[in-house]
Amino acid sequence: MSVIFMTKRPLDILDQVLNKQPVIISLKGEREIKGILQGYDIHMNLVLDKAEEIENGQIKTLGTLIIRGDNVIYISPSVQ
Amino acid sequence: MSVIFMTKRPLDILDQVLNKQPVIISLKGEREIKGILQGYDIHMNLVLDKAEEIENGQIKTLGTLIIRGDNVIYISPSVQ
Amino acid sequence: MSVIFMTKRPLDILDQVLNKQPVIISLKGEREIKGILQGYDIHMNLVLDKAEEIENGQIKTLGTLIIRGDNVIYISPSVQ
Amino acid sequence: MSVIFMTKRPLDILDQVLNKQPVIISLKGEREIKGILQGYDIHMNLVLDKAEEIENGQIKTLGTLIIRGDNVIYISPSVQ
Amino acid sequence: MSVIFMTKRPLDILDQVLNKQPVIISLKGEREIKGILQGYDIHMNLVLDKAEEIENGQIKTLGTLIIRGDNVIYISPSVQ
Amino acid sequence: MSVIFMTKRPLDILDQVLNKQPVIISLKGEREIKGILQGYDIHMNLVLDKAEEIENGQIKTLGTLIIRGDNVIYISPSVQ
Amino acid sequence: MSVIFMTKRPLDILDQVLNKQPVIISLKGEREIKGILQGYDIHMNLVLDKAEEIENGQIKTLGTLIIRGDNVIYISPSVQ
């Protein structure tokens, strides 16, 4: 059983969603950004492509974005 | 007696709940997320599966989630 | 006299209350948690057993808890 | 396929916009600055040329600017 | 004269008040704690004995206290 | 062309304004200080001479000033 | 000319005011403390003698004070 339930390292999960479906990034200050993850580093600095910010129901197109990791609350790769 | 009362290292406790019952994560900014812990690292970055956020009594399904460790207040593994 | 008045290192004090009487943890954001200290590390990450949070006079049972050290204001081991 | 979808390191992206079209810098405290990126370091400290701050619809000319990296939320290189 | 006016290293001053008269600790969030300093480390983590918190003119007895250093604004050893 | 457009390291820019025209320092908490830059280190700790703070239109003369780097938002060397 | 205009390292400036005229310390949270600088370290932890806090026009005598460096905004040595 212990072979099946292996630990996943948080940053490794990000590899699985690189250049795939869009992810949602929850930022401090109640901001939420959606985009395609193109890269990251150990500080959770992120590169997003086709990024959009949703603000009061309105979508703001941001294009490519480099997010500084210390603003991130969570990353949700399971957008459909 | 000192054999019975051994020190538990905080991050080691997390090993015992990997891929088991859901845990509750209390985040800064009065946010609370519930999910199955799939991984963590020394910064308390966390991977959750089947994550849900409870907000004003409403459950928001989040699926897989990578939480940046500096947002964590506490992790409660004893959900029943 | 200098033999009697020795310096106590802050984290060493915690050893003396491991698995003994409950301690009170004062957290940032005016939160207070009581529980039995089972472990800690150099970041003051803590493991509590039988943890309870007192909020507006109400006791919320939390069970086992891993607290991230950067939320701690102080630890008071002298609960009776 | 894995050759096409390579990881981009966040700071490397910045190289591609050095001394080119203006970028938008989103800063903590809801400030936004636009300018031509002339340099950066691993802390995301930035050098901007021809920088302007947009505040309540008004443009404030700032000229050359050294921004301390810990204030940055994101950098958007895709200004047209 | 330069022999008389020597530099005092901030943490060395704390040695002089260990286990002597009570000191006052000013904490972030406008909290003030008084107690006998029993120990400290390089992060300014502190051990206090006979600690009391003064809140709205009321004294709250806290006994032994381990304060996490990042909450400290200043330590005033000159209580009479 | 790539010879002309070289990367400028943020802290190197500061060398060019040492002991020259006054610079403007934007600090967290909406404070702004103007003065002649006399020195800095890798934390962006700064030494200013002939420093003045502008507060609600009033100029407060501060003379020599050592600013701790973590308060800095940006430094604008292009004051005329 | 470059011999005259040398860089001053921020912490070295503090050496020149040790045990001399009082300095003013501006702290986060709009607090201001005046005192004679007796020591400091690389974190800008400070030792002050004859310290006073000015609050709403009232002077509060604090005596000797160890200030934790991360609270400092600036140090102004040019008090007359």
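Here are some notes:
When the chains are written out, they are named A, B, C, D, E, F and G in that same order, and each has its own residue count from 1.
As a convention for this text, a residue touches a chain if its C-beta (ideal position, glycine included) is under 8 Å from a C-beta of that chain, and two chains touch if they have at least 3 such contacts.
In this text, all values refer to a predicted model and were calculated from it rather than measured experimentally.
Minimum number of contact steps separating subunit C from subunit D: 3. Considering every other chain in turn, none proves to be in contact with both subunit E and subunit G.
With centres set at the average Cα position, the gap from subunit F to subunit G is 19 Å.
Inter-chain spacing, taken between the CA centroids of subunit A and subunit E, is 43 Å. Inter-chain centre distance (subunit C to subunit G, centres taken as mean C-alpha positions): 35 Å. Contacts with at least two other chains are made by residues 70 of subunit F. A single ring links the chains, and its order as traced from subunit A towards subunit D is A, D, F, G, E, C, B.
On the subunit C side of its complex with subunit B, the touching residues are 15, 18-19, 27, 29, 31, 33, 38-41, 45-47, 51, 62-68, 70-71.
Those residues of subunit A lying in contact with subunit B across their complex are 5, 7-14, 28, 44, 69-70, 72-78.
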